[in-house]
Structures are given as structure tokens and as C-alpha cells.
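Below you'll find a set of structures to go through.
Below, subunit A partners subunit B and then partners subunit C, in two separate complexes.
Let's look at the complex of A and B:
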């Protein structure tokens, strides 16, 4: 039995609802939940922790049904985007607040708080009121407060999204370190792909009160099960037909564009194929190296720059293929709109979903 | 430097006009009677009785008002339940009621109905008694305090309470340790407003408690009775006393609010 399991959870709060959410994960795993605004992510957290009682469905933790337990009995911690620190208490008392319920020894509490403060680099602000702290400091205090009571499961609702990019980067690193040291089980809601890449073992994608796909990071990013998820995780899904093949690879016809894949499917089967733009290699000349496979001549239709990356959109016949290159590669390849280039993708990166 | 436009001038003029008018009105109360008259009237037996009754009933009513306004305000802010809209409208209704009508309703409730008779049987007789003064003040001030408490709890981030629950505190413990301390300023404001409403209640007290000389006579009743007799000195002094008590309450509120 899984460490944590949600079974067919339904709730309707008017504006937000859950329509049969099921998910499970194991002790020590880090699950990120992504989805557009209004998908029901926060409601899911608040049902798991017990602030709302689901109209239907059950929640199991360590094999026990906790659906009817009040939040104070569940030992599930929560960290919010807006920190929710108690403004009438200083940082020390905020962290001590939950500990008072589990540890009656003042000296032991003090030791735990000082250790936690040191590990999250907030020892110097223990005497200050939350309103005098920066966003990053407040988030570290909120995290300390949740972790110091040793929760069985930690829920985080966009914990880094209110921080500026630099602070977000350092807090994410600190968060990763804190989680690794504690072997804690986490469910983390985020909109930020960087959070997912840096922290997650598993990803669940939500839409309209439902989980659309829930699997390992690699699986969801490389094999999105539909176009919505593909769009969400930055992949592209094509529909194709499996052709007869002789070399053991699967040949797939995508509107006249034939690609070879190391995945398997039956001849004549209609399938969906996912490609990630970072797996598309771009060449100025046709590569003559035999190890390069799946070579396609394509015309650059459009591109835009984002940070140090260029997002490129090629067309080969009826098929539009997105790719991404660094700024320096873009200039080295001398890429221009309506100019032909050669694309290649390794058969291991042509994923049948 | 603020650029003066006709719109801003209009806004400022309307603010200053009303402020000046109020200052003149309040000053008139203090200017018209002589200091000797006011001092003599303050030590008058009727004034002493009235002041004492006003303060005692005002304090008791305010405590009762806050005792109900806190849970009702919290309920209306935090809980969703069937009939919430109706409850909200009914508890707020006395704000829009003329005090005399509210007094009449209470007079009928405590006088003629089974509820009134049942309360009377256990010694809670509200009609033409000092307990009636408290009841009248209570029902007049309660909706104001509820409104302030509801707004106060609305402004407290419910996630602070959620986090408290997740850290092992029950809903009641969370209310005591998180919601109440954070509502400090609102509680203070509601207390001062409730007290000011209680000591100033006239119509409801007059109808329910009777406004009898030296029996159920609060400061507003003293003002009314003496102005009816033509005793302007006593009427003005009771007006001054009401303004002073309200001023002291507001002053304490401002000082305490700054510390919270």
C-alpha cells in the first residue's frame, strides 16, 4: 500500500471543484502538482490537510484512512505562498508555536529551533517580527515552522512564486538541501518548471478539477498523454501511423514525415508521438555522420528570443516542428526566417505516448 | 506641493465646512452654560444618579455586547451555513430601525409574549427596570459591534488559522491564540463604539425601561426630562457629560490602538 493515497476525491466549492482526483506516492518522494489557475490545486491541498471535507472520496496516509480526522490530528504541514506567519509573534515564537504541542520541554524546543534556524540560515532574525522580514526570510521562517514539528507529509502551495528571481533561486537550493537532509515526503504546487526540474521526483498535471497525468518527471515530460499536457510541459504531440520496419526500430509516418523510434508499436497502429524541442538538433548542412538519424529538411517559419534561448518553429511539409537553441548557436547557424536547415532527432527521443 | 484643482477645492471645502459646523455645535454646548452652573449641576443628586447609572449600565451592556459580537462576528466571517444571509440581515436590522421602534418591539417581547413571561419568572424582568436599560442598550449597540467584528475577522488571513490547525491546535485553541490576538484593534474599536452607543441610547431605553426620574434615568433621559421641564442648565450639563465620557472613551481607544 502506498504511503499516501487520495481516492476519487470530489468537492464543489462553487468557483473551484475537484472531480474525482486520485493520486498516490511513496514515503520520501517529492511530488509537484502543476496546472492552470483555477484547476483546483489549492483545494486539493486543503482537502488533504482537512480544512475542507470532500463530498466523496477518501484520503489515506501511512495506510490509515484520515478523511474524517480534523487537521490538528493529521500531522501534515503546510507552507503557503503568502507565508501566513503570525504577525503578533516574533520569528522564534512562530517556529516554536507548533513545537509547543509536541514537545513540553522548553530547553529541547530551543535546541530544535536553533538547529532548524541554522540549517535554513535564519539564526540572525529569530528575535524579529515577521513584518520586518524580506519575502525570502519570511518563506524560510514558514518552512522552518512547518519542518520543525517533523510532519508526516509536507504540503507547499507555490512557496517560491512570490519571491524575486534571485531569492527564488537561493531559496530553491536551500529547500532542496533541507528536503534531502530530512528525507521528507512533499506535495508541492507550482507554476514554475524550474521548481519541477530542481525538486520533483514525480509530477501531476491538473486541469478543471481532475488529474490529467501523474507519473515520474521523465515520463510526463517526455511522454505527455495529450496535447494539453504537452503544451503545459513544453513538448509537442503528433499523430502518426506505424509503418513496416526491418531494423527493429519503429517507423512512424507523421503526415508524410517519417521518423524512427526505439519505442515499440504494432504495424498499422495509429499512435501519438511526443517530441521535446530541446531534443531537436539543428544543422546548417545535411549531416554526413551515419550516427545521426531522423534527418529532416525544414524551413524556419518563425522564432522568438527568451533569455539566452531562441525558440524556433520549423516546417517540413504539413508538420510544424518546434526546436530550441542557445543564442550563440542561433548566430553560428546563421538562422533566418524562410531559410532551410536540417533537423535531426535521436530515435530514443521520439516517444510514443 | 499639492496642485489645487476645482475638484480638489470642492472636496476640501465640503470637508472643512462640515468639520467647522460640528466644532461650532460641540463648542456651543460648552460655551452656553457658565462653569459655575455646570459644576453645581454635576454635584446635583439627579445628575450623580444618572451618571452612575449610565456608566454602570454602559459597562455591563458593553461587556454583554462584546460577549455576543465576538462569536457572531466570527461565525458570519468564517462559517458558511444554510440561512447565513438571513441571520446577517436580522442581526443587522436594528441599525436601520428607529430606536423607538426597536424599544417598542422589545417592550412587546419582554412584556406580553411567553418569552417575556418565562424570563420574568426567573427574575429577568426588563420592562420599566434597570435591567431593561441594559437590554435596551444591548440590542441597540450589538449590531454595530457585530459589523465591526465581522469586518475585523474578514481582514485576518484565514490561512494563519489553517496553519495553526495544521500545527496541532484545535479550532477553539486557534480562535484564542491566533484570531483573537490579531483582532485586537477591531475588538477595541467595537468596544468603544458599543460603549458610546450604549451610553447614548435614548429611544430604546425610554420605551423599554420607561425613563423614570431617579429610577431608570440615564444621561440621555436626564437631558430629555430636564429639557421638557425647561431646566436648560441640567440638560446642557448632561449633554456635556455625555460628550466628555465619549471623548475619554475615544481618547483611550486612540492611545491603546497605537500600542497594539
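Let's look at the complex of A and C:
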């Protein structure tokens, strides 16, 4: 029995709805939920914590059905994007708010708060009112307030997205450290890939009130099960047919482009293959090294620059292949539109989804 | 920004952009209309206040009947706004936090006392609480009489003042993000604790302003009160009686007194509810 489980959850609030969401994860796991605006992510959170009662479906925590428990009995913490600090209390009292219920000893509360403040670097602002704090400080206070009562599960709704990039970066690092030290189970809604890379063990991707894919970070990134998810995680999905093979590798025909893969599939089967752009190698000349496999000649159709990277779009026959190179590689390879290059991809990176 | 740069120009607003012929014409019209409205409110009040002689004012000040009526006015209006606080707060909170079919109907029902003619309010209350109605019989059997009593006056004032309290308090509750309550619940506080530790402390200004509005409305009520209780006399009824029995010059000093007492009272409450003149 898993630590936390949502079973076939339905709710319809008009604008937002959940249409049969199931999720499960283990103690200490960090799950990020991604999805476009309106996919139902926040509603899912508010159903899990009990602000809404699902029309159908159950929520289990530590093996117990908590669907009918009021929020104050669930011991699930929440951190919102807008921090939701109580404006009429100072930082200390905000953090103390939940502790008062569980710890009647004033001195021990004080110790816990000071420890928490120390670990999240807010000791110097304990006696300030929330309205006088910066976004990053407010978010650290909100996080302290949620963590200090030792919740069984922590929910975070885009906790970093209202921060400026620099603060987001440092807060994320602090968040990762705080989570690692506590062995806490987290469900974190985000739009930011960097959050996923830095924090997540598992990823769930939602669309239109449903979970499209829910798996480990590696699996979702490398084997997105459809193009919607592939777009989300920056991969490309192709449809192909499995050809008879000789060397034990699986040969896949993608509209005339034949790639070999270390994954397994039955001959004749119609399958989907995912490629990640960073796994495509680009060469000026056909590589003569025999260890290089899956060599394809392709024309550069288009490219754009983003930061220090160039996103390239090659075409080989009917197939459009995205790739990504650093700007120095781009110039070394002398890449230009409509010029031919050679691409290669390691069979281990040709993944059947 | 330092305060000194803010203080340099005390006047800030759209008028500072009044330039050119069309701008001057437009803002000229606006300023003239605004001045006219202010004069219209201030003029009659000023003339009432200026009318009585000092001698007449002094006589009024030591007139026990006048003092009693003003005290009764303040006490009944104050009680009405306290009743509105106790009974109206849950309604305001429920309306602010829930959506349900028929919410619009409930909201317009609350506004109804503002619209109906004042004597109708009195008549309606009497017809429910009179001897010809089972409810009237019932409350009289437990010793509650509305006709000609202070209880009756308070009843009327609660009726006419309630919309002002409920609407203001509701606006206050709506201004508190439900997320604050959610967070409080997630931290182990039940709905009651959340209301008293989070929601109410954040809306006390709205609640106080609502009580002020309710009390102000109650202080000014005449038409409904005069039907339910001519005696004991509240200040507006006494003024009316002095006006019909002795004429204008005898009702003016009572009016001045009532205006002064209420203005002082409301000014103090306004200052409490909105310190430092912030824009909220």
C-alpha cells in the first residue's frame, strides 16, 4: 500500500474540473505536477487538502481514507504562490500559528520556530510584518510556517513562480536543502522545468482534468507517451513500425528513416519513439568511426538562439528532427540554413514509449 | 520614495492635467457641479445650525425632554447596530463565502428595507407583531410588546439599518482572501477558530464602519418609528412634535443638538476605523 494515493477523483466546479484523477507516491518522494493553465492542478491540490470535497473518488494517506476528514484533521501543509501570510501577525506569530495547536509549551514552540527560522534564513525578520517583506522572504516564511508543524504531506502551488529569477534560484536551492534534511513528502505544482530538474523524483503531467502521464522524472523526460507531454518536457515523439532485425537491436522505420534502438518490440508492431534534442549529435562530415550508429543525412531547415544554446530543426525526407547545440558548436560546425549535415543518435537514446 | 518628495505637492489628481480649452471646459463643469452639490448639502444644515439664538439653545440644553429624547435616539440606534453586528455577521459571512442558486434573490431581499417607504416598514412590523397575528400573540404571551415601546423602536431600527451593516460587512469578508482561511485550516484551526483568529481580525474595520452606517441610518429614522412608537419619543419624533405644535423656531434647537451630537460621535468612530487617513 502506497503512502499517499488518490483514487479516480472527480469534481466539477464549472470553470475547472477533475475527470478521474489517480495518483500515488511513496513517503519521502517529491512529486511535481505540471500542466497548462486550467488543467485542474490547483483544484487537485484543494481536493487533496480537503477544501473541496470530490464528487467521486477517495484520498488515502498512510493507508487511511481521509476523504471525509476536515482539512484541520489531515495534517497536510500548503504553500501558495501568493504566500498567504496572515497580515495582522508578525513573522514569528505566523510561524507559531499552527504550532499552538500541537505544542502547548511556549518555550518549546520558541525553540522550534528559531530552529526553523535559522534553517530557512529568516531569523533576522521574525518581528516584522509580512507586508514589509520581499517576495523571497515571504515565501521562506510561508514555507517555515508549513514545515514547522511537521506535516505528513506538503502541497505547494507554484511556490516560486512569483519570485524574480535570482531569488527564485536561491529559494529553490534552499527548498531543496530543506526537503533533503527532512525526508518530507511533497506535491509541488509548477510551470518551471528548472523546478522539476532540481527537485522532483516523480512527475505527473495534467491536461483537461486528467493525468496524462505519471512516472519517474527519467521516464517522463525520456519516454513521453504522447506529443503533448513531449512538448512539455522538450522531446519529440515519432510514430514508427518495427522492422525485422539481425543484431539483436530493434530496427524502427519512421516514415522511411530507419533507426536502431536498444529497446525491445515485436516485429511489425506500430510503436511510438521519443527522441530528446540534446541526444542528437551533429557532424559536418559523415563520421567514419564505426561506433557511431544511426547516422542520418539531414538539411538544416531553421534555427533560433536561446541563451547560450541554438535550437536546430533538421529535415530528413518526411521527418523533422529537432536538435540542440551550444553556440560555439554551432559556429564550429559552420551551420547554415539549407546546408546538409549528418546527425546521429545512440541506440540507447532511441526510446520506445 | 521619501516622504518629503510626496509632501511637496499636497494636491495630486486628475485636475492637474486640466489644460487646453476642452480640458478647462470639462473640468470647469465638473468643479461647478461638485460645488453645487456640496452647497446643497451644507446650505440647509448651516442655516439650521445658525438659526437658534444662544438663549434658545441654552433653554433646549436644559430641557429634560430634549435630553431624554436624544439619549433614547442614541441608545436605540446603538442597540440596533449591536443587534445587526450579532445577527448580521453570520449572514454577511455566508454570503461572502458561498455561491448558491438564488443568492441574488437573497441579496435583493437584504436591500429591500432601503427601498420600501418608511411608514410601510412600521405597518408591516405591527401587522406581524399585532394581536391579529399568531406570531404577535405568541410574542405578547411571553411579554414582548412592540407598540409604543423601546423594544418596538429598536425592532424598527434594526429593520432599516440591517442592510447597511450586512452589505458593508460582506464587502469586508470578501476582501479577505479565502486562501488565508485555507492556510489556517491546514495548520489545524477549525472553522470557528479560523473565523475569530483570521477573518474577523482582518475585517474589524469593515465591521465597525458597517455598524456606524447602520447606526447612522437608525438615528435618522422617523417614518417607521412614528407608526410603531410615538412614545417614548426619539429625537426626530420630538422635533416633529415641536414643529407641529410650536413652529420652526422651537424645533431648530433640537435639530442642532442632534446634528452636533451625531457628528461628533461619527467623526470619532470614523477616525478609529480609519487611522492615519489611509486610502482603504
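Heads up, the rule we're going with is that the second predicted complex is superposed on the first by the 353 of 353 C-alpha atoms of A that agree within 3 Å, B and C clash if a C-alpha of one lies under 4 Å from a C-alpha of the other, contacts with A are read in each partner's own complex, and residues count from 1 in each chain.
Just so we're on the same page, a contact is a pair of C-beta atoms (placed from the backbone, for glycine too) under 8 Å apart; a residue touches a chain by one contact, two chains touch by 3 or more.
Note that the coordinates shown come from a computational prediction; the quantities given were computed from them, not determined experimentally.
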Consider subunit A as the common anchor and indicate whether subunit B and subunit C clash or fit when overlaid. clash
Considering only the touch criterion stated at the top, classify A:319 as touching first (subunit B), second (subunit C), both, or neither. neither
By the touch definition at the top of the document, which applies to A:333: first (subunit B), second (subunit C), both, or neither? neither
May I ask you to decide whether A:219 touches subunit B, subunit C, both, or neither, giving the answer as first, second, both or neither? neither
Following superposition on chain A, which residues of subunit A contact subunit B and also contact subunit C? 46, 49-51, 70-72, 74-78, 80, 82, 84, 86-88, 97-98, 101-102, 145-146, 149, 151
Subunit A to subunit C touching residues, read off their complex: 46, 49-51, 70-72, 74-78, 80, 82, 84, 86-88, 97-98, 101-102, 145-146, 149, 151
Residue ranges of subunit C in contact with subunit A within the complex: 177, 179-180, 182-191, 197-198, 201-202
Taking the complex as given, what residues does subunit A use to touch subunit B? 46, 49-51, 70-72, 74-78, 80, 82, 84-88, 97-98, 101-102, 145-146, 149, 151
Touch list for subunit B against partner subunit A, complex: 157, 159-160, 162-171, 178, 181-182, 184
